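Pasting the structures in now, so scroll down.
In the two complexes below, subunit A is the common chain; its partner is subunit B in one and subunit C in the other.
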Partner chain A sequence: MKNNLRKYYQKSSRIILLLMLTLFTLSLSAQQQRFPKPEFETGYTQPSPSTPEPRATAWEYVDIAILLLVMSLAAWFILRKRSRKGILWLSIFSLVYFGFVREGCVCSVGSIQNMALTLFEPAYAISLPIILFFALPLLFSLFFGRVFCASACPLGVIQDLVIIKPITLPNWLNKTLGFIPYIYLGLAVLFAATGSDFIICRYDPFIGIFRMGAEFSMIILGIAFLLMSLFVARPYCRFLCPYGVLLGWTSKFSKHHLSITPNECISCKLCEHSCPFNVIDEPTEELKPEEKIQNKKRFTLYALLIPVWIFVGGYAMSLAHPFLSKAHPDVYLAELLIEHPELKNDTENLDIQTFLSSGKPMHQLVEEAKLIRSKYNTASWILGGFLGLVIGIMLMNQFVTRRRKDYTPNKIDCYSCGRCMNYCPVKATSKLSKEDKQSV
Partner chain B sequence: MEKKKYTRRDFINSGARISAAVAIGGLAALTLRNFQTEEMVWQIDPFKCTQCGRCASNCVLPISAVKCVHAYDLCGYCDLCGGYFKPGVKDLHTGAENQLCPTAAIERKYIEEPYFEYIIKEDLCIGCGKCVAGCTSFGNGSLHLQIRHDECDNCNECAIARVCPSDAIKRVPASTPYIIKGDFIAEDKGKWENKA
Partner chain C sequence: MSNTTNTTNTNSSQSRQGLERSIVNIIIITAIFSVVISLLMLFNYIQLAQNDPIESKTLSTLVELLSDDPNNDTLKTEIRAFDLMARKAYFTNQWQTKTGAWLLLIGAVVLVISLRYYHTLIAKIEKPDAENKSQQTSRILSSKWLLGSGVLVIGLAIIASFLSTDQLNKYEIETTLIDASNDEIEIVDLTQIEEPEKVKEENTTKIEISTPEVAEEKKVASTLEEKPAPIAKELSKPKVQFPTLAEIKQQYNSFRGYLGNGVTAAKNIPNSWDVTAGTNILWKIKVPVKGFSSPVVWNNKLFVTGANLQERWVYCYNTNNGELIWQQQANSIPGSPTTAPKTTDDTGLAAPSVVTDGIHVSAIFGTGDIITFDMNGNRLWAKNLGVPDNHYGHSSSLLSWKEKLIIQYDTNKGGRLLTLNIQSGEVIWDIKRSSHISWASPLLIEVDNKMQVVTSTEPTVAGYDLETGKELWQIDCMMGEVGPSPAYGNGLVFVANEYATLAAIDPVKGEIVWEDNYYLPEVASPVVSDGLLFIATTYGVFACFDVHTHNMYWEAEFDEGFYSTPIIADGKLFAIDMNGVVHIMKVDRELKQIANIPMGEAVMTTPAFVDGKIFIRGNEHLYCIGK
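Entry: the complex of A and B
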């Protein structure tokens, strides 16, 4: 009897279900318990879903500690020990640990975007390790130069370790390509601050290598960058890295910095071609007085032109804001629906179908998109102004005449890798002073 | 050795250095207004998820870190499971042609008449969400997608979150890394308890 009843229930429930299956309606808002939880008679115990824990937060602080240690050691190797070998081993360690073991995220380069997002989007809570990853290398750079680039950045060291035969790029090409990081930085901050995208992470060429897997195109890009690094040393660092811009600014005013010679430079020219990045400034020739005057005049002229550059840059970039704002998915969707209303019938287009079934009215989407676009308008003025300022200062700096008697690393661009130090024949002070005493 | 003279350039340099340090400190302080000591991890809000299938294809991992999770609390233990069987099957047997899951990652286990338990084999699951769509449409919605943190690399920007059409992927504190559906009858409808 009982069995029969059960079978009946089973059958009827089957029929109901089959009916439902045939009426295949995609009710997405279904959040009800259609079938009550059964009461089992056979002593069945219900399992609970497993929830494997993420990597413990403590590890993030371990990473911070290791970053601090690596950078401190690098500063010590560069400034005290003057040991290229030390830097080399440190960089291999960083490549293995920060690259292949930690597999990248969050890195200092990418943290720019988290900082931008949290400044402009109060809903985004940033975690303390990210702030530290952003700030510590900059502070180190402010005191010891770009030791982060030399030793701790996995993106930098993977390129540094494959340098075989670096070629010297012509100066104009170096300078022109050197402008790209400013654009990249500006765009990265723009897209992150508007909550559109994290382009630095998305187009990171090396993360796929660290993780041994990524989109095919990104793997190709990573390999291309590595192959390029064989001959053009550190191409990503020099011509793309947005964090390098910030490190350059801080390194320019660094309290201590790598010096090629431990003592007085004797201008022997041995180090002249030792730098694979071509950032050793040669001693300047004495200018004629009339040249000096002309330079001063040009410097003043270009300095006065800077506001013009800022305005032109801001205006030009603001023209591009409708295009730039398409990076935001809401703006993209709204524009797509306005320009191609027929796409509403395209069942293949997931974004449109999801939007339509969400029940959100079209005018609300358009309003939101308009708001985002107006944000983009303001932001692109600022971005353009910033790029104009950079161009203006770059042009102005051509006419800065600074007298240099020695071969010195360019504090802005030098990665403090320490290669040049081995080329210097001059010995450190203490030994030299002894010899001096003897000779006197 | 005679002490180096403190030149004008030194003065400018140290001034710039101090201002840069203040700027970095200021920036950090500004961000500190909404910071937390805990790490954030990515998770799918199952109430927003529309099972579009992008989780399977857009994760940076070769096999997505998104897997189907079975909230047993919600399950009706149906014989005809909308998440297990393809729509319109005639006989409820476990043949491959009947299974909705493309990788046969759901194991159907008989418990007692007429109830069956469904177990997700996570090593086979690719996170396509086909079973989730079936279960949500015809059943209680006890099957749902979650990012599994033993797999997830916790990218700075989740590649799936970027393409999710329903904005279902968000950052959650690492101490409560899962949003697992609870029992709707026991609790208020729409509320869920985080069982992390």
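Entry: the complex of A and C
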């Protein structure tokens, strides 16, 4: 009877939550500006602002100080206090401050694009706070793991807080979907470096929620991710976040990373299902001799295939560079006007009308577009080569045999949220004797 | 003891059940609350979308009624009241949306916390898996999926390459077809062209003057077709005999006459006429499209240009009777902007004057279009130099010498001086300069039997070898917006500009000989003759200096300032003020005014002179004055 009641409540609560979040989506998209915008006779419609108002420089440094403080506290909670509660409250603070107060900008995830643009476009002046927002989380992860993801990133935290009933995805699916962030990273750098677009910011799914209003499609996207987070923990972080790729690289080398047990692992398996992200590495099984030989052969084959992957990836992507370059507004406009010259008479098309009123001749636009496209050609080779390299290494790594006796968090993928720590029955005080292990 | 334990357990279980029930109740209440708020907001949104108070049709109707009856005070009051009500409704709606969003957020937060807490209460530690899953199987499966992902990405890239057409290359191919053999130049084979577009009698804009009486103006009926000249496949460069300097001196081939120096060799120039009575007015016509380019004359052909936002024209008139011989439009030029750049009304797009060598006539416009015709109006070539970034409009006129067409193209994006082959439009030399924008025109001078191009820009005055484009000398002495062109006489180059200086420069040494800043021109260029330098200012002062000592011989103050550059012809100075009064003075150390003749309309251009005739382009009409 009691179980039935629970199930009823669980089921109904999920349906209500789904309904509520859907309606929340619609209502947020209905947000209007506080004051009416000026009305233009030309029929011009003002777009919704995609970035918040500029912030005073002094406040930018306050943000840096807060970021530093949050990450330091997170490292302290994880490594010294082993307090999941501390991480939880810290993450709530970050969600409120970096999310709702700061409206999700500037964020470390998006700062990748600023860094890429400043590297390839000397005229672009990047501010010190953006550099620090980019570098500090990486620096922390290099020493303490991804404490930024655990407690400071509002994008990660908002997903983390709504995890209710996470399911465990099969390993092959985790690995396959884990390739997507590399593609997203590559494209984000490509588009930013060529001055085309900041796609991470443009398609940030949670920005509409933080700013209490955005385009309808973006609100839908954000809510979709949150709904998914109820059952698939942190889907954006795991299968999209480009900054997570960089954090994973640095975190791999972190010396003071979170450990499940404060002492020796007794392989009690209690923590096996504690991680909603499925990033606890189990002890390795003993392979059969023929399996070992097979793995060695596969490893060698995939290692030898890496250059092939790089070349084929680069070549294939270079073929697609005309397609990719359409992301640049100048290329898009030039091609549009070449293909549809009649659109010059379309007074509703603001891009075309702006170009025409600038007095810039068509051939100049085409020349500029060609120059951008040639940059895309080179960049596409690099992007394709990078993705080929990633696939090659991922394939090769499948057959790297590492001996592991304990349950340990995967340093690359672990978000240092500290959930697994609570599941460990081992005390931190002293080394366990054989009897202790047996009793546990 | 056992009973006590059972009682404690029962109590604990009941307490836990009570807590769970309370949490579930909170979940239900917050969920219902959130749903209700969401529904209200949704309703509010739909209402706003359907009946936006700011876009009220009633208000629009009332405003329309008011436009029919603008003095209806009752209606005005009604509109104000309705507008106020609409705005109140709008802001109320905004407040509701904002408040609703916050309430919804609070509801969602409470709901999430309750749900999490509830699940914490009912959660149980899952039993560890009895058997380990095969890691080897998982590895192989993962590798297969990864392999598939890699192939998929490569496949998508290849598909994307097939899906997109490279329109940019398509544009190049089309342009190449139009451009014939040159990348940006449209070239016409003189042997294959059709007859030039002759102007029919009914299309002329001539106003016949039955001297001595002024005839009635005829209305402009310009209905000529806008047909670009046919395009030839091969470049045609007939060998031509370019005119000598002596031959050019007999003409008025460019802005400020031969070599662009403001001195003409014309004789028998009239110094009395009357526009109103028609005395000595041989003809008067209205140029169909307005422009500030000055007239240029070669034998019986006079050339001017006109432009508006839609069209750019070159007109050729018969100097004897004012009949339009031909007119050609500068259109279908590769690279020409689809929308003309913004210019000010006192400059426009047809401020630069044409240049002719009796074989070719070249014109440049504020769009950056440059075009050359033969003397019969057959289009030879055309190209675009890039739209000039010029906040007033490009105004530097053209010069030519032998096969070289000289173009001063200083814009806000930087200085540029280039020469094109006047026959083909091909670049002979093209130099980027560190100087800034300028509105002045170039000057040709002969130093040590070599032709130099002299230009005045901000801040540099410089001389260039006409053959190679090599900079021979340069002096930084100008500042501000340089309008006056340089002048040459007695072995010295004279440059001047308002807020800068009046300087005499030795072009051999590249040194300033003297400087003065007593009277400085803003637009009109200095002119030199017989050891005298003349300056016309925009504030109406006309001054005469000694070219060597810069001693001021005389000054005269007129009612109106000068934009038009003074020209020396037949030993006389012809200076036209902005009101259109032609001040004729003797070239002398003493001020000797010969006549002050009003043209009856404003004049900003510089007059042209040939033997016995003056051609003046006013803001409205083009005049031929003679006996």
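Here is the rule we go by: the second predicted complex is superposed on the first by the 372 of 440 C-alpha atoms of A that agree within 3 Å, B and C clash if a C-alpha of one lies under 4 Å from a C-alpha of the other, contacts with A are read in each partner's own complex, and residues count from 1 in each chain.
Note that in this section a residue touches a chain if its C-beta (ideal position, glycine included) is under 8 Å from a C-beta of that chain, and two chains touch if they have at least 3 such contacts.
Predicted, not measured: the structure shown is a model, and the values here were computed from it.
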For this session: For A:176, decide between first (touching subunit B), second (touching subunit C), both and neither.
Result: second
Exercise. Of the partners subunit B and subunit C, which touch A:115 in the superposed model: first, second, both, neither?
Worked result: first
For this session: Answer with first, second, both or neither: which of subunit B and subunit C does A:357 touch in the superposed model?
Result: both
Exercise. What is the contact status of A:320 with respect to subunit B (first) and subunit C (second): first, second, both, or neither?
Worked result: second
For this session: State whether A:427 touches subunit B only (first), subunit C only (second), both chains, or neither.
Result: neither
Problem set entry | Which of subunit B and subunit C A:81 touches, first, second, both or neither | neither
For this session: Could you look at A:197 and tell me whether it touches subunit B, subunit C, both or neither (first, second, both, neither)?
Result: first
For this session: Could you look at A:291 and tell me whether it touches subunit B, subunit C, both or neither (first, second, both, neither)?
Result: second
Exercise. Of all the subunit A residues, which ones make contact with subunit B and with subunit C?
Worked result: 6, 9, 13, 17, 20-21, 24, 26-28, 30-34, 36, 213, 357-358
For this session: Spell out the residues on subunit C that touch subunit A in their complex, using ranges where they run on.
Result: 17, 20, 24, 27-28, 31-32, 34-35, 37-39, 41-42, 44-45, 48, 54, 90, 93-94, 97-98, 100-102, 104-105, 107-108, 111-112, 115-116, 118-119, 122, 125-126, 128-129, 132, 134-136, 138-150, 153-154, 156-158, 160-161, 163-168, 170-172, 175, 184, 334-342, 367-368, 384, 386-387
For this session: Spell out the part of subunit B that touches subunit A in their complex, as residue ranges.
Result: 1, 13-14, 16-17, 20-21, 24-25, 27-28, 30-41, 47, 50, 52-54, 60-62, 69-80, 82, 87-88, 92, 111-115, 117, 119, 133, 136-141, 148-150, 152-157, 159, 162, 165-166, 171, 174-175, 177-178, 180, 183-185, 189-190, 195-196
Seminar exercise, completed: Note: in the complex, subunit A contacts subunit C through residues 2, 6, 9, 12-13, 16-17, 19-21, 23-24, 26-34, 36, 161-162, 164-165, 170-173, 175-176, 179, 183, 212-213, 268-270, 272-273, 282, 284-285, 287, 291, 295, 298, 302, 309, 312-313, 316-317, 319-320, 322-324, 326, 331, 334-335, 338-339, 344, 356-364, 366, 369-370, 373, 384, 387-388, 391, 394-395, 398-399, 423
Exercise. Taking the complex as given, what residues does subunit A use to touch subunit B?
Worked result: 3, 6, 9-10, 13-14, 17-18, 20-22, 24-28, 30-38, 40-42, 44, 46-49, 51-57, 60, 103-107, 110-111, 113-115, 118-119, 122, 124-129, 131, 134-135, 138-139, 142, 197-198, 201-202, 211, 213-215, 249-250, 252-255, 329, 350-351, 353-355, 357-358, 429
